[in-house]
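Shared chain: chain A. Partners: chain B in the first complex, chain C in the second.
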Partner chain A sequence: MSAHEPFDLIIAGVGGQGSLFASRVIAQAALLEGISVRVAETYGVAQRGGAVFSQIRLGYDVCGPLIPKKTCPLILGLEPIETLRRATMYLAPGGEVVLNTNINAPLETKMGRQPSLDLPTIRTELERLGAGSIEEVDALAVALEAGGAATANVVMLGVLSSVDTFPLSYDAVVKSIEKTAKAASLPNNLLSLARGAGR
Partner chain B sequence: MTLNPTLLSPTPEEPLLALGNEAFARGAIEAGVQLATGYPGTPSTEIMETLIEAAPVLGFSAFWSVNEKVAFDVATGASFSGARALVVTKHVGLNVAADSLMQLNLVDIAGGLVIISVDDPGGISSNNEQDNRLYAKMAEIPALEPSTLEEARELTRRAFEISESLKVPVLIRSVTRLAHMTSALTLGTIEAPHKKPHFDSSRQWSPFPPLAPHGRLQKKLRQAAGMLDAFGVDTWESNGTERLGIAAAGFAYNYAREAVDRLAVNNRVALLKVSSVNPLPRALIRKFLEPLDRVLVVEDVAAYLEEGLLLEAAAMGKLVEVRGRRSGALPSTGETLPDDVVDALDALVEGTPPRLPGEAAKPASIPNRQISFCSGCSHRTTYYALAQAFDNLGINDPIVVGDIGCYTLGFFPPFNILQTMTSMGASMGTAAALAELNPHRKVIAVIGDSTMYHAGMPGLLQISHQRLPVTVLVMDNSVTGSTGQQPHPGSWQNSDARTLVPIEDLGKAYGLPYVRVVGSFQLKKLPGILEEALSSDGPAMVVSRQACALEPSEIGRRAIVATIDEALCDGCLACIDEFGCPAFVPAADGLGKIEVEALQCTGCAACKFICPPEAISFVRRDSPPT
Partner chain C sequence: MKAGDEVLQGRAGTTACLLGNLAIVRGALEAGVQFVSGYPGTPASEIGDTFARIASEADVLFEYSVNEKIAVEIAFAASQAGARSLCSMKHVGLSYAGDPISTIPYVGVGGGMVIVSAGDPSAITSPNEQDQRHYSSFLFYPVFDPATPEDAKNMTRYAFDFSERTRLPVLLRPTTRVCHTSGMVRLGQLPQAKNALGFEKDPNAYVPIPANVQRMRRELSARWDLAEQLLGESDFFSHTGDGKHGIVAGGVPYAYLDQVIRELGLESDVSVLKVGAYPIPESVLSEFLASVESVLVVEELTPFIEDTVTLSAYRNRVQIPILGKRTGHFPEAFEYSPELVEDAVRNYLQLGARAKRTLDVPELPPRPPVLCAGCSHRTSFYLTRKVFGKKTVYCNDIGCYTLGYGEVLDSCDTVLCMGSSITQASGIARMTGERAVAYIGDSTFFHSGLPALVNAVQADDAVTVVILNNYVTGMTGFQPSPTTTPHFNIEDAVKGLGVHTVLSANPFEEDLALDVLKQARGGTGVNVVVFNAPCVVNETKLGTRMDRPAYEVDQVLCNECSLCVRLIGCPAIFIEDGRYVIDQELCDGCDLCASVCNRGAIHALAPVSPVK
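Here is the complex of A and B:
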């Protein structure tokens, strides 16, 4: 990809899922590939379990860190409800969604005091929003096979790096993880990435 | 946050990935800053965190001050000693230091003194969205507003140069989206160590009498215009034929450029980027305005540049339509959003009035995520005990005055207990008057430890002095919790080289007749002590103490986990509706009972006594939570 072919990406998840790590890995991979990058993170207070939302903008000459509405070509969904929340506002018609299928419902929903959303409903809603493709992955199951639940985010990065339109190479993502992850968790992370990418 | 060691490298290397706030810190390092201080506050905190980690390695001084005024005065002392000094604050923090700023501006300082104010357009993590460029105008000091990480680093260096050569404090205005943007940063060279500090006793350091210094200040500002012009921080992109223009202040330049690119009108729209906030680049503004019929101004919060352009146009005797936040072409509140700028520019290009952006419709069907105290948070048990104390004493119309910190979540379920919250430390004075004017009601002022040190102490003194019947409940979790566990004068996390000043010692020294300290998790004791305090007729202080659950030494400390006996749990939901620890979730079997999510539970055991049928007990766990 040339440095002047802009590409936007959103990561949607909840606190504790490692979405900040995921956006850091992508930003670092872009830097390694010489592609300009700007990331805006939005997260609640320090607490666990709040919504986390990263906007990643690649290959622009100059741009703000915020993605315009209804223009995002690719959403990496670490949690389905959060994915739908961001897709509603940002997904471009025909945009792609890579979706971890493990729902983490807010407490009020678990208590039956707020509407709940199941996977089929989320899928239908994403289609109604004009999603061009929805790739579903049980990232938790893959991560558990690769060594632990904690790397479900990295499994998703693996899936992401195998998406055709995603402008960064698998090798750059590997190098970036080598730079970003703690040494002790590196083998697990690299295995999870490979599994996610189907390698 | 952990320090990226590349930020300390003496010479330029490959660009590194950095946060906007790290770029400001690097700029100060490159300028050879000798003393940096501030008070934690989102979105500014990471600047000082980076400098505090860098300081011992590079051999300068960096530390948290008790509040922003103290920080400003500390920096003043450093500057008077000839040292380069930095003050870091969030926008509202500069209000606390404003008294000092409005007088130091008149003094010929020695070492460069730079203030970085991170404004929070839209109030994403603040009570307001004030625009601190207006402080620069009021104080008549030079001010800069960077648009990228590179400029954040470079303009911080420049700010020190201007400050030192003109002997005047310089303000840098940043915004949340720059502070918390991650992007590539290219480094400059670190300047050789600055001259050794020395306080010159042969002169006086005061603005009094202020008239002559005021004249000198205005002269400095005129000289600043020349320096800023020479630095070339402002840019004008034009092919000389455009009739339309877009002018952007600081970070908003990114939105302006993006809008021009998106609408592909680069050949039709002249572009002015203004990074010198005060004084505005008048000559460049004139050149920009000269050929134009219409201009859109993009900036965050106030119509500062917009008004500047209007004034300049009037002074030129030029008729030009200036659109922006003031004219209504862009929303007059909230942060700048890319779609709004595109719409407003589109309208300008078409000659039509702008479509005013509507609120984005939020689909009702997506469940919200309510924020709550962390599992293992001491504030939860303190509020729980306070509610119990009210119940036990039959108090049904208490006045509970809040303050600023994590405990502000007491406004929300399950406690819904707080009734007021304004500025840092305001709980003390507010409670004083509420107690005086509502003599038949119980008044409780809830304040955090860090907030008490910051701005609560004078008000506490007043409560004590006036003998007002206020119960001061200090939520003491030993750190500044909400900004990421920074230490303060009562933190045991400080090194041995610092004297600890516990809150209860303040209460005693100030003469409060009732002062008690109790562990926040002690739900057998805490309600009774609160009842005693509430029943006393003078001022009383209860310090509820337990380290923040996110304090590093707390994490993973306990080898037990709560568990619920399914046979005993009767589904009363007291653990969720009255206590609300996020570790409690409906049991998977869907029979209306509750279970504990082991990964969420910190093993704090604070919930031991909150379950009516006593279904909660504790078992050992093999691996502690992370």
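Here is the complex of A and C:
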């Protein structure tokens, strides 16, 4: 189905942040662009505020559902600690990280039983892991401006669609959101996407 | 269009990106499925959820059954009445249905019958990993083993007709990485006509009394042979490539293998047999074995293909190396990864190791799932432990409330399987002479807690069964439970089972809840405490949630004693620069933190109505 160069992408976040929605939007956008897509998700027990991530594989004729370790060229991080968690396993040397800067600490950290991680530490770790670039976005602030905290994930999709190496076009992402989002939340979603993309 | 609506609306000939579970739904629709049942369980839940949504539009009768045994029985009955029927569950659910499934092949199906039982290598969301492929040799179930969502759709579609021709029920065994992977699926035609319905009486054919079973058993062998023959003519065993190096692969590992072979440019140098179903026809195996000089078997869980290949080689007097789990070329347990398969293939073909990519993993705080802010289970656990103390044994069960595990709530000393909390509490109380507590949710109670409670009553065990009724099957995605409907009142059901002391309370009414718990603790024999409080997440989804004010910590009164954090483990409370703070976005206003605070430092941001 596709003549495109294969491209892998990971979305990392916390259950409830909308990573499933984000990966569904990307899958539908790929379909609209005629690019084959495969997405492996975290469901079920992992959702109750647990760590979740989606492995998205674009443009392969055939492929398994899982991305080989240390080969992923781009990680979309909906939460910094989860971004680092996946980057340590999957980020290719020189890979790109697009990061929502709003830290959501795990319960054990909130309770003071695990050390907390701040953004500078996470940035340093990502650099140490060989990240080629780290783009930081305060997606919550952008989402609040666009109408509500719930669309921070869509802000991040907007940022993603403006990344040079990301193989899907902004227009395809817009069309996909029009197909995927509920009618009532569509204006907010589209505005958040545009703001994220700097439009 | 909502996610997944293309399962019904997608046009034939187009390609959709479908979640594996939705691909199974589409395959069943293309085959003209008429009846669907199931019990939710990750990773199979979206099959039932999707049918629940589209059933009337798709002209399918659907039910979430009370448990898997009943789901299988009613799907079989529908099949006996002529319908094409499907029944979905996870692997452990199929074990629960062990009694009916063992006899269905003997009696034989009418309309095609497909049981989908999702496997979970690595036990990502399960209490064990198990290999349902053994049901093929064990109980006469042809088993289909998809590698991708597309396979899952095609196999499901094929399985119904195949089931009618062999009169055998068919097992589809997708694993987590098929169920929860979205992939490209080419859609086929939805049928114009479906099976005619009706039950024709024929007790000789339908009643497996010993006089009939002898005949049924002989016929079963003939039908099994037909199944093997039909599979031999099917597309589910593809042989690609060439050369003396043979590889046999089945399920998701085939997808990894396929990619590895292409990336290494070995498409024509290696002879690959893809196994998509069981029994693997002997003709397929003997032909393959005759064409290669060695075999590497790539499969997850038990060495099922490997042993079948080894046996076939022995029968055919083929003496070649057969490598796999038994020879240490693959690990015995857990799901495979693309790297694992690549390493094994490189080793097998002596290609040299791949470039090492060292994993340098910094220490990161773990993020396990937790009970939501405002969850009634947290309050129920906290209050029960306050009354029963930390020495009491708390037997827990399968559901969100298993998250009572851990040192904060410390409310989960044992778990085994659905409904076992009551039985484990019985056994432990009988042997120790101490009253034990069982926690069980509403859906799990009706699933398999009922007979366990009867068992405890007839033995007069010293157990307190705390039923956590939140009116929904929460963990698997808010499927209905019997108490979602107006037909059931747990208190009446429990009284009807012979329990004399049945106490009930809203756990958020603390004084009343503590009072019933004290009565239960001081009682004799079996008593039951029913804690009724709707799931807060489901209430929000349904729009029935009452607005409750969030809470805050008065920083002047707070003496940083940490009780609110140490005792209840709520995700909305955290420590920031040494101060105790409540996240007002997350806080659901359940009041538990305020009630554990000795200093009265936690209070609602607005007046609270007396009862939630």
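Convention: the second predicted complex is superposed on the first by the 192 of 199 C-alpha atoms of A that agree within 3 Å, B and C clash if a C-alpha of one lies under 4 Å from a C-alpha of the other, contacts with A are read in each partner's own complex, and residues count from 1 in each chain.
Keep in mind that, in the parts below, a residue touches a chain if its C-beta (ideal position, glycine included) is under 8 Å from a C-beta of that chain, and two chains touch if they have at least 3 such contacts.
Because the structure is a prediction, the values reported are computed rather than measured.
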item: Superposed partners chain B and chain C on chain A - clash or fit; value: clash
item: Touching partner for A:94 - first (chain B), second (chain C), both, neither; value: neither
item: Chain B versus chain C as contact partner of A:148, first or second or both or neither; value: neither
item: Touched partner set for A:187, first chain B, second chain C, both or neither; value: neither
item: Chain B versus chain C as contact partner of A:115, first or second or both or neither; value: both
item: Comparison of chain B and chain C by chain A residues contacted; value: C
item: Contact residues common to both interfaces of chain A (with chain B and with chain C); value: 14, 23-24, 27-28, 31, 36-42, 44-51, 60-69, 81, 84-85, 88-89, 105-112, 114-117, 125
item: Contact footprint of chain C on chain A as seen in their complex; value: 1, 14-15, 23-24, 27-28, 30-31, 36-51, 60-71, 81-82, 84-85, 88-89, 105-112, 114-117, 125, 128-129, 149, 179-180, 182
item: Residue ranges of chain A in contact with chain B within the complex; value: 14, 23-24, 27-28, 31, 36-42, 44-51, 60-69, 81, 84-85, 88-89, 105-112, 114-117, 125
item: Chain A contact footprint on chain C (complex, rising order); value: 1-3, 15-17, 19, 42-43, 45-46, 124-125, 177-178, 180-184, 252, 255-256, 258-259, 262, 337-339, 342, 357, 359-372, 400, 403, 408, 475-477, 562, 565-566, 569, 571, 573-575, 585
item: Complex interface listing, chain B residues touching chain A; value: 15-17, 124-125, 177, 180-184, 253-255, 257-258, 261-262, 336-339, 342, 360, 362-363, 365-375, 406, 409, 481-482, 484, 550, 573, 576, 582, 585-586, 600
